[in-house]
Every structure is written in C-alpha cells, then in structure tokens.
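Structure provided below as structure tokens; questions to follow.
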Amino acid sequence: MPILEVNNIETFYGGIQALKGINVHVNEGEIVTLIGSNGAGKSTTLKSISGLAKVKTGSILFKGKETMNKPVHETTLLGMAHVPEGRKIFSTLTVKENLLMGAFSVNNKQLIEERMEIVFGHFPILKKRLEQKGGTMSGGEQQMLAIGRALMMEPELLMLDEPSMGLAPIIVEQIFDIIKKLNEDGITILLVEQNAYQALNIAHRGYVIRNGEIVLSGKGSELIENSEIRDAYLT
Amino acid sequence: MSILEVTNLTKKFGGLTANQDVTMNIEAGSITAVIGPNGAGKTTFFNMITGVYQPTSGDIKLEGKSLLGLKPDEVAKRGISRTFQNIRLFGEMSVIENVLVGMHIGLKTGLLGIFLNLPTTKKEELLAEKEAYRLLEHFELAPFLNEKACNLSYGAQRKLEIARALATKPKLLLLDEPAAGMNPAETRELTEIIKNMGKEFNVSVLLIEHDMKLVMEISEHIFVLDHGEKIAEGNPEEIRTNTKVIEAYLGSGAVQTV
Amino acid sequence: MKESLAKFLQYKWSQVILFTVFVAVSSAALFFSQKSVTAFLLLLSSLLVLHYMKLKNVTKWIIALGLLFILIPLASSGGPAFQSYMDVATMVGIYVSMALGLNIVVGMAGLLDLGFVAFFAVGAYSYSIFATPQAANFMPFGTYPLGGESFWIFLIIGGVVAAIAGVLIGIPVLRVKGDYLAIVTLGFGEIIRILFNNADKPVNITGGAMGIASVTPPEIFGIPLIFPNQFYFVTLVILIFTIFTVLRLERSKLGRSWKAVRENEIAAQAMGIPLVKTKLLAFALGASFSGMMGVVFAAKQAFIDPTSFTLLESFTILVMVVLGGMGSVPGVILGAAVITILNLQVLTELATWVNQLSFSGIISIPEALSPAKMQKFIFGALLVAFALYRPKGLIPAKNKIFDEKRLKETQAHSDMNATDQKKMQS
Amino acid sequence: MLLEMLQSLPQVLIDGLALGAVYAVVALGYTMVYGILQLINFAHGEIFMTGAFIGTAFFILLMGMGWVSSVPQIVVLIVVLVVTACLTGLLGMGIERVAYRPLRNAPRLIPLITAIGISFILQDVIRFIAELSSGNYIVTGPSLFTNQLTINFSSISSIFNDASFKTSFLIVLVTAVILMISLDYFINRTKWGTAMRAVALDRETASLMSINVNKTISITFFIGSALGGATGVLFAVQYGTIDPFIGFILGMKAFIAAVLGGIGNIRGAMLGGILLGLLEMFASANLSLLTGGVFGAEYKDVFAFSILILVLIFKPEGLLGKPTAEKV
Amino acid sequence: MRLKKSVVLLLSSVLSIGMLAACSSKSKGNESASGSNVIKIATQTPLSGGSAIIGESIRLGAQMKLEEQAEKFKELGYTLQLESYDDQSDPKKGVSNANIIGADKSIYAVVGHYNSGVAIPSSEVYEKYNVAMVSPGTTAVTVTDRKLKTVNRIVGRDDAQGPAGAKYAIETLGAKKIFIIQDKTAYGSGIADAFKAAAEEAGAEIVGYEGITVGEKDFNGVINQVLTKKPDLIYFGGIYSEAGIIIKQARDKGIDVPIMGGDGMDASGLVDIAGDAVKNTYITSVAGDSTATESGRKFVADYKAKFNKDAEAFSVYGYDTMGVILHAIENAINDNNGKIPSKEKVAEAVRSVKEYEGALTNVTFDEIGDNTNAKIYLYKFSEASYPGVLEGEVGK
C-alpha cells in the first residue's frame, strides 16, 4: 500500500520550471531512492512533498490524504520527516536543543525522553555530545544529528536529501548502514542521492530524474545494471 | 612554463584548518581540475587565489609575481578571473550589461571623459559593447542581450557567468563547479566550450567540479584535495587509479564503473 | 468609439496635437486666472505627459526646455501669484537635484544614506559664511562679505566641499554594510547638524543656532538676483546640468560599476571593480549635487540656520527617491517634484482652505487634523504603500536597451580585438 | 577638575543607570527582531512611545477613579504595565503582519523603508490622538513614586557627594532587570525561545521541525514590542512628561546600544544599553569640564554616535557579538 | 502596448481635468476681481510643532480683533478677511508662505511670526513685496536690527529681556553665582547670551554655561553639573517644554535655588509639566499679564466666551497686533480719501503708529520698528498655577 503518492506535480522557481510532472510513489516499508545529477530536480521533489516548495499542479497524497501546498509545519505533523540537504543543523544550539526542536510538537516530557533514548540507540555518539554546540561537530556527526533530530518526530516516512554529501566514504558507508537499519525498524524511506551506486544498492526501488522529469524507474538492482544509467550517473 | 605557483598554502579559520600546505603548479595554457569531497577546502583555495581571503601562510604567484596582500579587484586586474559556486550575477542588470561590467578593467575612460562624453569615450564604449556582444554570441546568449540576468535559466546563468569572467580578459580563469545544475546536454555543450577556451581566449583554466565525466574528459592535470590537504595529483588516468583518491573521494562503488 | 480614440492616440501626430492643446489650455488657464494651483500643476504635468510620448529623445528635450524656460514662467506671470509659483518651482528644482544626488547613492550604488541633508548643509554654509561678515571672525585675510558675483564660483566650491565631505564621511562609514550603513550615515548627518549648531564658540564660524542672516544675493552683470523668478532660471540651469550629468553617469562604466556593486559586491570586486573607490565616488558625486543646490538655497533664502537641515529633511529626500523609483532618473525627478509640490503647495493650500472653512463655521475640523500637520503621516503612508504595492516606484528603473543591429556590425571589432588585446597584455 | 568629576560620580552613575536601563530594554526589542529577521525594526522606538502614551492614559484614567487611590501604587503600576505591554505587543504583531511579512523576500532596503514609514504614521497618529484629547501633544502624567531617597556616598569617602533619587528609579531599575532576566530565561531555556533561535538560524529547517515560523515571528514581535511598550510606561513614570517624538531619538540610541553590545545578542543589548546610558550621562555631566568649556553637554549625542561609529569600524560585531564572515 | 495605453489614459484624463481647471479658475478669478474692496490680513504662526499652543493663541487673538473691527470697516466700504498660514516653526515653510502672502494683492499686512528663526527669512520676502509685518512675539535682535521698512514688533527685544532678568536676579534675588542652561535654538541662545552679558556686567559669576537638546526628557547630566557648581540661581534660555522638565528634575535633586527664564517659558504647559516644582521660578516676559488692566480683563473674558478656552499669554498680543495693523490701515484709508492706498503706504502707516492703546499694550514704533513702549514683565510662580504673579515691570 503506498504511504506516499506524488502525482504529476509541477513546481516553479521564479519563472523557471523545476519539475515538469513528477510521478513517484512510496510503499510502506520500502526504501525508495531518487537519483539524478545536480539540478535535475531531486531536492525540489522532496521540498515539494514536505511543502517547502510551492507546487503549481498535481497532487500529493500522504497516507491517502491530500497534503499539497499545506504549510510545512502541518505536513510534518502528519508523520513525514525531511532531512534537508546539507544537514542544516542549528549550529549555535546544543545537540540536546537540536533534538528537542525535532520533538517541537510533542508536549509530553516523558515521551520526549523515550524518543531520545531511541535516537541514542541508533547514534550513541550523540549522547556523549549532548551539551556541545551543533556547529562544532564533524560532518558525519552532524548528519547523524540531523537524522536523529528527524527521528524525534517519530516519522512514518523519512525523507533524506543527500545524506552522503561531502562525507568521507567510510562515514558514508556507516550512514547507509543506518538507513538500512532504520528501514528494518519499520520506517519507510525516501532517499535522494547523487551517490547513485550506493543508493541503488540499498534501495528496493529507484527513480531516475533528469531535467525535472522521471526518465526511468525500476527495482534498485535492475537500475544498477542499466547501461544508460551506468553512463550517465555511475561514472 | 607555469602560470600559477602555489606554495605551502595554509588557511586557518580560528581553530579550523581549511587548507594545509597546499602546493601546486599550473601550466600556462592548460586545463587543470581540483576535485575532492565537499568541505575539502576547494572553494577556500579559490578564495585565497582571488584575494577574497588572505592565506595564513604560504605564497601564491601569478607569472612569478606574488599575489599576497592584494584585494580581489587587484587580483582581477593582474589577470585572474572567476565564477562562483552559487551563481553571483548582477541580477537586475541586463545580460549584456553583466558582460560589460566584466570589461570594466579594460575601459580607460576617466570621470572627465564621462562628463564630457568625449569622442574617445564614445568609441571605447561602442567597441566594448560590440566585444561583449561577440562574447554573448560565443556562448549562444546573444538573443537574450536585453533580458535581465535573473530571468535566465539556470544553465544560461552559469554560461553568462563564464562569459562575464572571460570579459575581463584573464590569463587564468577559475571555474567553481561550472556544470552544477546543468542537464547532461548543457554539460556536454559546456565541456566543448571549456575545452576550446584555451585556444580561443588565450586563457588557462583551473576548475572545481564534481562531474567526473567532465573532469576526466577535459583536464590535463588533476589535483585532489581532502581535509584541506592535497592527497594526489596527476593526469586523469593516474587519478582514476589512485587508491588514496578512491578511498577519500571516488568511492569503491565508482571504481567499478570509472 | 473608445477603441478608435485609443487608436487615434497611438499616432505620433495625434499625440502631438493633443499635447499642444493640453499645454495651450493649461497655460491659458494659468495666465488668465488670478491664482489657480490646479492650472499650475497641470502645466507642470505636461512634462510628465511628454515623457510618455512617442517622440525622439532630442525632440522631447527641446520641447521640455521650451516649456521650462519660456512657457512656464510666461504663463504663470499673468496672475499675482507669479512669484509664489516661481518660488515653488525653484524649490522643486532644488529638491529634484538633491534627490538625483541621493539616487546615485541609494538607487544606483545601493547604499542607504539617511544623513544626506548634511551635504546640502555643507553647501549652504560654505556660501553663507563667506557671503556675510561671518567669515571675518576666523579668516585673517580678505574682506567679507564677498560680493554677489562670488556666488557663481561658490556653486563649484559648494559642490567640491560637499564632495570632500562625502569622501571624509565615506571613508570610515563605508567599512560597514547594509543596515548598519543606514544608521551610521544617520548618525553622521546628526553630528554635522549638531556641529553647525554649536560652531559659534569658541570661534564663531556658523553663527550657531542663530544662523546666518542677510546672505548677499547673487549678482550677474551687476544685477542682484533677489526674486524667485530670477532664482528659477539659475536653478533650472543647474538642474539641467545635473540631469545631463546623471544620465551620462548612469550609462557610463561608472554607472555600471555602481549597479554591479549594488547587485553583488563580491562578484563586482572579482570583476576588478574596487569597492571602496567606487562607493566613495558615489558618495562624493551624490553629495556634490546636493552641495551645489545648498549654495542656491542659501542665496535664495538669504538666511540659513541648522533647523533647515534636520533628519526629517533627509527622510524627505529619501521618500522622493523611493516614491519615484530607486535608480530611475525620470522617476526620481517625478518623485521629488510630487513631494515638494505636495509639501509646499498642496498641503498649504488645503490647510488654508480648511482653516477658512472652519473660520466661517461651515465645518469644524479639529486643529490636530489640519492637513499641514499631516506631513509625516502622509509621508509614512506613502512609504508603506509604495514599499508594499509598488516597490519599484512611480516610474521603475529600466536598463538601457542595446540595439542588436548596431552591435552586429562586425567591421569594427576585428581591429578592436587586436588593439584591445595589446592593451590588456601590456 | 578630577575632584569635581569624582564628586558628582555617584549621582551620575545613578542617573546613567536609569537612562541605561531604559535603553537596554528597548534595545532588547531591536535585538530580538534583528536576530530573527535581520531587520532593523525602525518602528520599535515608536512602539516604545506608544507604550508611554497608553501607560500615561491609563494612569490618568485610573487616578481619576476615586477607589484606586486606596490601592497601593505599585499594584496600579503592575496592572498598567501588563495591560500596556499586551496592547503594544499586539500592535507590534500587527505591524509585522501588515508591513514586514509581505516583504520577507524583498530586497533588504524595502522593509527598512516601510519601517520608517510605519514610524512616521505612529508618530502622527499618536500626536493627533493626544492633541484631540488634551489639546496639546506634550502630555504629563500623574506623579508617582516621588519619594526622595538618598545614599550617603559621602560617608564612604568625603570625595563623593551624596546621591539622591526617586523611588521611581528603583522601580525602573528593578522592572528592567526582571524583564531582562525573564527574557534571557525565555530565550535560552524554554521551548518557544529555542524555537525562536532555531528560526533565526534557518527558517526552512525550523519549519521542517513542525515549528510554525510565522507564529514564531509573531511571538517575537509580540514580546519585543511588549518589552518596548512596558519600557515606555517605565519612562513615563521616571520622567513624567512625554511627547510623540520621544521614540525616534530614543529608539535610535537603543539601536546604537544594541549594535554596541552586538546585535542579535540579548546580553549584548543589555550591556550596550547600560553602557550607553552611563557614557551619555557622564558626557553631559563632564564634557565641558574635560574640555575646559569648549565642548559642552550639547555634544553628548555626537559623543554617542562617535562611539557607535568607532565600534562599528573596529569591532563590527559589537562587544559581545561573534564575527561572521560572508560565505563566498 | 501597455505604454501606449498609459499615454492614452494620461492624456485624456489630464486633458479633461485641464478643461475643468480652466473653467473653475476663471470663476475663481472673477470672484477675487469683484472683491477689490476686500482687505486681507494674514497670520503666520506655528500651528503645529512645539510652539503650536502659542501660535494658535496668537491667531485666535488676531481673529477676535479682526471680527470686532469688521463692522467698522464695512462702514468704510471694505470687507475684512483673515488668512491664516502655518509656518510650522520652519523657515522654509515661512518663506514659501511669505511668497504666497506677498503675491496676494489684497493681503496688506501680516500678524506674525512667533519664532525669530522664521521671522528673519520670511521678512526678507515681505520686504520685497512691501507687506507690513507686525510681530506679536519675536524677540531676537536681528529681526529689527536689519532695519527693514516693513518689519515691526510690539514686544520687547532679547537685549531688553535678558538684562531685565539679570537685574532682577542680582539686585532682588541676590544671585552671585549663576548657572546658565540654554536649548541651543536661536531663541534660547539669544536670550541666554543677553542675560549672560548683563549678569557678568553686573558683577555676578557665571559658574556654568551649558546646552541641552530640544525634545529630550532626561536632563540629569546637566543638572548634575549644577549640583557640583552649587549656584544660587539657574537661568534657562529656552521654551516651556524643556524648562518644565528641567525644573522638575532639578527640584527632585534637591536644588531649591530660584530658576529664571524668558518668555518662552510663559505658557500654561510649564506648570502642567513641572507641577509643584514650579515654585520659586521666575520668568521675564515680553507679555504682560492680561488681567492687569481693565481692558485686558475684558479681553480675557471675551476670549473665553468666544473660543471656550482660556487666553494664553500671547493671545492678547495677537489681538493687539491686529489692532495696530487695522488702526494703521484705517489711518491710511482716511488719509487717502477713503480709498485703500498701496501696500507701501500701508507699511509706512504701520511704521508711523504712535501711542496706540491696545488691550494691554501701548504701541509707538521707532525708526527700526521696535515698540518704544514695550515693557518687560517679571512673574513669579509661588504655586502650581498659571499665570504667575506679576512682580514688576521694566520699561525700555
């Protein structure tokens, strides 16, 4: 059953059309990846889903409900979390405050504590750095914090925008491992990546986006073998 | 002969080291690439060459003359021009005006010439305008000459930025991720333009780029930065097979395909 | 019917005919009436209509000059209000010139200057001090007051002194950016006013709060200029000089550098534009127009004191620029004219009218709501409304349109390449 | 000369503290808004002025009711403070909604211009309301807290003169300190405060945390303006006489204070305010002594602005601010 | 296309307004042409800004006199009209208005201004048009010292007010150490300097001379200087709004020495602001107590009845200024066989007024337009009520 259905959306930035009719769906429990080159519209797709970008036409159904062009703070309440490109840690806030911001809509202190423990389960390092300022951590730690912060919302759908960006390959592997594990724990994941090879490796399904359009889709393992994709994105 | 010599360049921001002892030589007339993961200090490196930042230590020499202590505009006058990672056009100005600003260094008219609208000023302006138009034609931007720069498409904005940088008639052109945001067709077009730049504009090119296909195709020499340090250099073939580079940047996944 | 009228109006000659009729009617109305502000304003607005007509620029200029130099003074000379019209027109000229100066700084170079009136003050004081016995207090040589002929030299001196002041203020101030710049310039504007207000001790230079009275009127060919209609022509000549210069600057490489600095400082610098020098030039040139008009103002008023150079004055000039359209020369001219006329004539007339009505008991409007007191409210409302609904002003700035055909002529550029390349390489 | 300066020092300190406390609380409002929107809310000084008028109007109204005289003055003050703060807070929110929110993506210059416009409108509206109701826009409120207190500095050392002040000084100081401490607590320790800081850093990401950015900004304006309005009341209590033009210059000074301390920095604003108040008072009391009468107290504004310019040139980030470099 | 449309709109709308204007202005022209026997007197005073109360009171006083005299002029065949202008205490505004006034053929004289800073440049304009100006309140010496033929005033000069104050301060109040504060405006500086000169001459020591900024509310810095200098009198050159606060803040600091100032403090606002602290304050004023004479008391009562407001100190001066002007015009008409002579002749007639008895003042202009009978009055405030108690008067 699809948890997210994106039907034929078109999004404009100023006068420029960034998305020219994107169709994507994500089933519950899947890892779906969206690959494509810089500027192809990957991030815009995520932004359109979470409401950061204004969609002109189409429809976005989350858990069967229309969420298109709802304010961001409302869509996120429905159970989707969006980890933005470049991590976007609140740099002068402490790790703890960052995590608390993730749980902004929760007023139950105990619930917050419980969720925090779950996050620490995934990222033990964060527990040690609780009072440190977010901006002083390394890139990999920041990415973990960003994911941890999103997990504080207890999302059903986790959207990750280029989590491997600018990280050392070893860290990248760790991050992908964590993504896999989160999925195993029952979180549906929509992953946007430029690192197509690794993304397709862990994904159940994948979409290739080019110039604001989906040009290919299929199972992750199939796409990885596709020669066209090899030429365009795996080199 | 090398056009740019960088020796032991180091930049520290407070406790953070952005570049550590980077040394590189860039051959005149060549196309050279700097690659590396995000945050490896590539853009900081560019910023030091162009005078936006002053290095903590080390030296930068253009044709044997040090650039240390010069302001960005003085560096530009010496003959280094650049584009920016996040496009920095003069959005409200027209396309051709953007290129004309690039020609600023070449225009000799003084205040008096402007006030009196001397014949020499008029002639100089006309020549500059024609020259600018020729550049636009070269980048296939001529149809948009009176358009506001901010109304161009992303790819066209990237090209305009390069055209504007070339308008300063640089000896060395620094391109910061010129293909970012371009679709494959545009990237191919750009690849051709950069390839021929040396011949047509008599300029050496140093570029930062993530598109490995483009980098491998056009670069004669490649430097790899990681954590602010140079970890490798060589021709594309050498870089492709360098284990350090694969570990730090290309990733084992990429190796299979590259 | 409507359509055919519209079509009719599209033709150049039909426009010209209607324009002529319009000018004729409004000037006749102005000439034969005792006092008609409406007719006066209509005649002035013919210049605006002219701006929108489909004529060559040169033709427009010739018509505009004819209107300004001959028709407007002639038509308004019919009634007793002649001098008051001329006074208003002179003030319009002074403010237009200042607004054009500020437009260089704010509109073109994008530097928000909230203390602009300081340069006006510098110009006004530089003439007043030397055209009265005031200078004798601290100048050991020379006899003061200087004669009225010195006015013409002081036009230049006033401009230069203001430009120097612009540079002096600019050097420290331009190290700060954006919003800070606004506050710092505002501070400097106040400092200069306070200095003028207090420079009567230990040496009496500016006359302090008492100001400087009985400034020698300018003289030309031995004729002293004292009436507004005489000043009208002086102002007009300077104004036209200012407009020409500003237009030249706008289209020159300097104008482009200013706009480039406004749009993106870092990129501008990377193109070889020295930031500080370019900004200082904007400050200095903008200030010099203001300084020049300061001299005219001092001569016209024959009395100046620091109260003419308050913060409100700086804001007023800013309102003119914003209202007209930042960076747009025709816009700023319109903005300055509208605000000045609104301030000096419309509000005053309205206030008088309301007063008359309440005296004769027809209506009773509380004194607090008198239109003359509403200046700030009107300004505020204008600023907000324009920023929200028309941020680019009445006549938005336009980029120069380049003629593609002219640029395509390839003949010239081969040799240009050769010479220019050589120049570059040397 | 030095002796004379020392003699008056205790009194100068006390007067400077009273003025500085006012600057500091108004500066807080500037800093909060600037910290979040990078906008100089020029109208903030006018909100302060509006607060002073609303407060005075309430005082006059309440004092006119017979039974109020039996209520302790301090209770009346608290009631007036709270009511005025709420009203000016709402005013601030309204201003943000009308004049700033539509311009959030406009060039930086444009909201600054609306801010100036709003401040002109407020000045004139208050002026004609005041003029309509009392015939004069200079309004004097009832005298409150006028008990004179004296501190015997002379008993500490004969160099010093005694310093005296009214009870209102204590009230201003205590209220200002309470306001500052609670704001500091609010910003640094509470959920909404943290949300404000998050919004300040990155509006988009904050919204991804299901923070309602518009609401957060409205709250910021509410608090900032409420502080401004409350300070207006304190000002009216301390100085008694107000007019519609007090906000402009005072707002300017408060902004200087905010910049002095490091704009966007709550503690910096407090430090800057107090410092500016003290410096200004010191300057007006001693400038002519120091310069042998050449420069008198009339130069104190020149003094204040010069300090601002010096700070901006040599430490543009302010005393407590941290330097930020623009990313190229 | 859009541009063309706007041209169409502009042209056609503007044209139609043009026609309208032409018609309307014609009718307006006819009206004033037929009114050749209208005599207009202008008032130009600050109706907004810091001195609005005073400006308004002058205007109302003038209006009252004009209306009283209307009947009499009707008999002579003339209609009197008042045109009131607001100079906003702004010289530019004053000059601009002056040009309108000067150009109006039927305006023969001006009641105004209140501020010297506005009167000086504006009178340069009146002089050009030969419009007689009689000021009810400007005290700066420059106003008449320029020897313009149209400029007159019925009140005393700063150089009379300052010395009168100094004389009283030293002789009656026994002041030896005096601290002077002024507001750095033309008025404040002028009167403070005149006081300073006279006080020094009379042997008092000036222990401090400081400036303050108009519009501020905290003057503790300067008052702290007063505290250390321990003078036995404070003199303030400035107007009531700052004076009130200074008095209050000085008294709060325990300074109980007499505080003295000039006519700018002569307003009910002073007492409103300072409250009880106003005790032991002295002001010199060019304005006498309206209630001191029989005719003055009548004026105050009539004023109250007419406008339902209490008369301010300057109301009667507005009234008397208008009286002087109308008196002169009446003389001029009578001398000219019942016809109104040129503006120049009216100005001469104004200048030659001798021994005019107003409600409070007696006016005789000297050769530069100063009133030789102008008096300086000295008031004392011993309780929080306005006006103060008349302590004495000094002739020139």
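In order of appearance the chains are A, B, C, D and E, and numbering begins at 1 in each one.
Note that in this section contacts are C-beta pairs under 8 Å (C-beta built on N, C-alpha and C of every residue); 3 or more make two chains touch, one makes a residue touch a chain.
A quick note: this is a predicted structure, and the numbers were derived from the prediction, not measured.
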Shortest walk length in steps over touching chains, chain C through to chain D: 1
Relative to chain A, chain with the most remote C-alpha centre: E
Relative to chain D, chain with the most remote C-alpha centre: B
Intercentroid distance (Cα basis), chain E paired with chain C, Å: 33
Centre-of-Cα separation between chain E and chain A, whole angstrom: 75
Centroid distance [mean C-alpha coordinates] between chain D and chain A, Å: 44
Two or more partner chains touched - positions in chain B: 52, 84
Junction residues of chain C, two or more chains touched: 197-198, 266, 367, 373
Chain E residues counted as touching two or more neighbouring chains: 52, 184, 211
Of chain D, residues touching chain A in the complex: 191, 194-195, 197-198, 201-202, 204-213
Interfacial residue positions of chain A with respect to chain B in the complex: 14-16, 37-40, 139, 165-169, 172, 194-195, 197-198, 201, 210-211, 230, 232, 234-235
Touch list for chain E against partner chain C, complex: 3-8, 10-12, 14-15, 17-19, 21-22, 24-26, 28-29, 32-33, 47-48, 52, 56, 63, 82-86, 88-93, 95-97, 99-100, 102-105, 117, 120-121, 124, 128-129, 140, 142, 146, 184-186, 188-190, 211
In the complex with chain D, residue positions of chain E that touch it: 52-53, 184, 208-213, 215-218, 220-222, 224-225, 227-228, 241, 244-245, 248, 252-254, 269, 272-273, 275, 309
Chain C - residues contacting chain E, complex: 5-6, 9-10, 15, 18-19, 21-22, 25-26, 28-30, 32-36, 38-39, 42, 45-46, 48-49, 52-54, 79-84, 87-88, 91, 197-198, 200, 208-211, 213-214, 226-228, 301-305, 307-308, 344, 348, 351-352, 355-356, 359, 367, 370, 372-373
